[in-house]
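For reference, the structures are reproduced in the following blocks.
Okay, so chain A shows up in both of these, paired with chain B first and chain C after.
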Partner chain A sequence: MEILREIAESLGRGEDRRVAELARAALAVGTTPKEVLDRGLILGMADVGERFRRHEIFLPDVLLAAKAMTAGVEVVKPLLAGEAARARGTVVIGTIQGDLHDIGKNLVGIMLKGAGFDVIDLGNDVAPERFVEAAEREGAGVVGMSALLTTTMPGMAKVVDLLGRRGLAGKVRTIVGGAPVSAEFAREIGADAHGYDAANAVERVAELVGAV
Partner chain B sequence: MRGLLERLAVGEVLVADGAMGTLLMARGLAPGACPEALALERPDVLEEVAAVYAAAGADLVQADTFGGSPLKLAPYGLGRRAAEINARAVEAARRGVAGRALVYGSMGPSGRLLEPYGDASEAEVLRSFSVQARALAEAGADAIFVETMSDATEAALAVRAAKEAAPAVPVVATMTFDRTPRGFFTIMGVTVERACRVLEDAGADAVGSNCGNGSDAMVEIAAEFKARTQTPVAIQPNAGLPHASAGGLVYTEDPGYMAERARALIALGVAIVGGCCGTGPEHVRALREAVDRRGTR
Partner chain C sequence: MRAVLRLDLAEAEPDPRAVLERLGIGRDREPTATVSGLLSKAVDLLRRHAQPAGVVEQIARQEFEAVYAGEGKNLSPAPLDAVLPRADRLALFAATLGEDVSLEIAALFGTDDFALGYVLDAAASSAAEGLSRILARRYLSALIARGEVPADRRALDYSPGYCGWDLTGQRRLFARLVPGEAGIVLNESCLMRPLKSVSGVIAVGPEGIHRLEPVYACCATCGERSCRDRAAAAVAPGEDWEDEHGNPSGDRGEPRKG
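Right, the complex of A and B next:
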C-alpha cells in the first residue's frame, strides 16, 4: 500500500512528525495497527539499518530515524491488542561485569528501539545476576550482552548458565556481541545468537523472538 | 621548558604518551570504577604513571582527565567535584614528570548526544567543557588535548571552551575515524576534511586523529590530514586492533612495528606522534627512538 511505503521512506529521512501523521492517516483509512508497524515502521527501520551497514548513512541518521520510529510506534501502540501491545517484545541489554565499553551496546539499544523493541538498558559493568533478575522482572524475551575485553567474556557464559538453572533456557533467549566475541564463542557457551554488528544484532533478535 | 607552540613552530616532532586506562588497571583500578576518581583517592598512582611515561621519553604526558567533564562524571555522582578532580590530576602528573615533559589535560567526549540526535543542548555541553577547561588551565596544564571525538559539533564545543577559558593554552584536537568502503568517517559521519575545517574554526592549534585504528590506517589518515591542512597534525594510533586470545585481549602491534610506522608518519610531516589503546611505555620508548633518529620535520 502506498501510504505504508511513504511511512517507511519518511522514517528513513528522520521525519518524526510526518511519520506520526502518516501513521494516523493510514489508520483512518482502515489499515490495521499491525500493518502500520510491520510494513511501514519496521520495514523503514530495516532499510535504515541496511544503509547504515553499507556506510551510506551514519549514526545521526540512525538516531533521527529511531526518533521517527518512536513517534510512529506511539501512534499505533495503544491500538495493538494484547500480546502485540508490547510491540515486538522486551530486550534486556548491558555490557558484562568489568567492561566499561558501551558504544557498541548503546548503538544496539538505539537500533533495537528504532526497530520497535522495548529496551531495558542496564548500562555497563553489569553482574550476571542482574541480567537474569531484569529479564525475569521485565518479562524479557531476549538478553543481549556485549563485551570488548576477553577478560570479561566468561561473564556471558555465567548469564547463560544462570538462566538455565532458573529454568529460563528457551524462554529467555540470549545474544552476545562485541569486538572479541565470535559466533564460535557464542556456540561454545550455549548462547542462542551472535550479532557481528549492531544491525545484525537487531536482525538476530528479531529472529529470536520469531517476529521477522 | 619551552611551550608546545614554540616547539611546533620550529618543526620539532614531539612524542606523546600511550594509554592510561590499562596502566591504571594494572595498578589496581577496579572494573567499573571511575578512572578519574583516582585523582582524589590515589594521586600517587597517577603520579607514578606520569613518571613512567616521562621516563620512557614522552614530551607530552597526560593528566588522568579524559572523562573529567562534569557531564561525564555525573553518573558516578562526581559532577560537582569536576574542578577539583581536574586540578588534582594535573598536579599529580606534574609531580610525576618532574620537569621532564609537558603536562596536558585530556578532554574526552561528554558521553551525551547533542540535540537533535540526543537530549543534550549545545549550551549544556559547552558549560560542562568550560568547567573542565578552566580547572585544567588554572592548575597549570601546558596544553589541552580534545580527544576521541566523533561528533564535530561536540569537538568544536570542547575546543571553544578551552580557548575561551585559557586563550594562551595550546589545544590539540583529535577525532576517531573508521575505515569504510567510501573512505574514513567518524561514526557520526565526519570526514577528515570536515574535521580540519570545524576544529580549526573553533581555534585548535593542532588537529588529527587518535584511537580506533592501528598504525597502518593511521598513516593513511595522516596523509589525508596533511593534504587538507597547514595546521600541525597529531596522530595517536592504537597498538593495532584488539584480538581475543586465551590470556585476554591482545593488541597486535609491538613497539618495533609501531615505531617503524611512526617513521612513515614523521616523513608525512606529522608533528605529534603518540599512542592510544594497547600502547604502553615500551611503545613510547620506541617512538622516542624513531623521532630522535629523524629529528625535525
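Right, the complex of A and C next:
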C-alpha cells in the first residue's frame, strides 16, 4: 500500500511530523493500526537499522528516525489491542551515582524506545538502591547502567550485588556501558551484558529480554 | 606565573572532521546531508552559548611530581614518567566552555531534539579539548617572550584519566590549582563542572619529548594516535597573556603574579 511505503520512507528521513500525519491518514482510509505499525513504522525502522549497519547513514540520522518512529507509534498505540500493544519489555536506565554524563545513556534510551521497549529513565547521578527499587516497582526485565568516569564504575557492581541480595538475579538482567566500561569489567562484576555503543546496547537488551 | 584567561571561541572552534569522528563518522566516510546540517546548527549554537575561560599556573617539577602522584593509582611506567625529566617548564591548567553549553544540550534532549543535542555535545567536547591547546600555546608564548625557553620549544597537555594518569589525580590538581576563578569545580567522583571542561598539565620542552612510542599499557586501550603529532608551537608574540600586563588588550585575561 502506497501510504505505508510513504510512512516507512518518511521515517527513514526522520520526518516525525510527516510520519504522524501519514499514520493518521492511513488509519482514516481504513488501514488497521497493526498494518501501520508493522508495514509502515517497523519496516521503516528496520531499513534504517540496515542502512546504519552498512554505514550509509549515521547515529544522528538514526536518532531522527527513532523520534519519527515514536511519533508514529503514539498515533497507533492507543488503537492497538492485546499483544500488539504490548512493549517488548521494560528497561530501567540511568547514569551511575557520582556521574553527570548522560548523553550515552540518553541515546540508548531513545533507541530502546524506537525498538519498542518501555524505558524508565532515572537520569544521572543515580544511587544503586534507586536502580533496584525502580526495577522492582516497574517490573523491569533489564537494568542498564552508564558511566563515563572510572571512579564511578564500582557503583555498577553495587547494583548487581543488590539485585542478587533481593533475589532478583536472573529475573532482572543487567547491562553496563560507557567509555571506560569494557566487556571484561562487565564479566568481573557479574553483569549480564556489555553494550559497546548505543546500537549494540539495544541488540544486547533484546537478547537479554529474549533470554528471560 | 599564573593567569586567568577569558578565551575566544573562534580559536577553539572545533574541526568539523574531528566532530564527525566523535559521531562515529571516520575520515574515510562522508556525512549525510542531514548530519552536515546538524553540525552547522550545532556550531552556531556553540558560538552562541560558549563562554570559554581558563586558568594556567606554572609549577615546579618537584611540586608537580607530588600532584601527579595523586592517590598512588597511576600506571607505571606511564608517558609522563618519560616527559617530566626532560621538560623545561610545567604548568597546571583548567579550562571550560562554561555551563550554558551543557544547559543547552540538556534542553535539546529535554525537548526531544536528540540528534541536534547529540551533535552539539560532540562539537562541545571537541571544542573543550581545543581549549587546552590554546592554553598550551599561550603559556609557551609567554615563556618564549620572557626568554625562559628557546623559541623552538613545543608544549603539550596531559590530563588525568589519560596516559596512565589516574583520574583520582584530579583531586590534588584541583587542590593546588584552585580553578574556581574560571568557574570550574570538582565533585567527589573527580567530575568537573561545568561538564565541558578540561584540566591537566602543560609540559614545555624540546619537540622530541612528546614523541612517545605507543608502548605503554594505557596505549593499548586508547584509540588516540595523534597525540605524538599535536604538540603545539608557540603563537606569535603579542597573542599570549604576557603582553596583557601593560597593553590595552586586557580583555583577554587577568594575569596575576603567582
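We take it that the second predicted complex is superposed on the first by the 141 of 212 C-alpha atoms of A that agree within 3 Å, B and C clash if a C-alpha of one lies under 4 Å from a C-alpha of the other, contacts with A are read in each partner's own complex, and residues count from 1 in each chain.
As a working rule, a contact is a pair of C-beta atoms (placed from the backbone, for glycine too) under 8 Å apart; a residue touches a chain by one contact, two chains touch by 3 or more.
Since the model is a prediction, treat every value here as computed from it, not as a measurement.
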First (chain B), second (chain C), both or neither touched by A:55: both
Which superposed partner A:98 touches (first chain B, second chain C, both, neither): both
Which superposed partner A:149 touches (first chain B, second chain C, both, neither): both
Partner chain(s) touched by A:63 [first = chain B, second = chain C, both, neither]: both
Which superposed partner A:209 touches (first chain B, second chain C, both, neither): neither
Chain B and chain C contact sites that coincide on chain A, given as residue numbers: 55, 57-61, 63-64, 67, 98-100, 103, 149-152, 182
Chain A contact footprint on chain B (complex, rising order): 31-32, 113, 116-118, 150, 180-182, 185-189, 241-245, 247-249
Contacting residues of chain A [partner chain B, same complex]: 54-55, 57-61, 63-64, 67, 97-100, 103, 124-125, 148-153, 179-182, 185
In the complex with chain C, residue positions of chain A that touch it: 13-14, 55, 57-61, 63-64, 66-67, 98-103, 106-107, 110, 149-152, 182, 197
Sites on chain C touched by chain A in the complex: 23-25, 29, 31-32, 34-35, 38, 105, 109, 112, 114-115, 117-119, 121, 161, 166-168, 187-191, 193, 195, 221
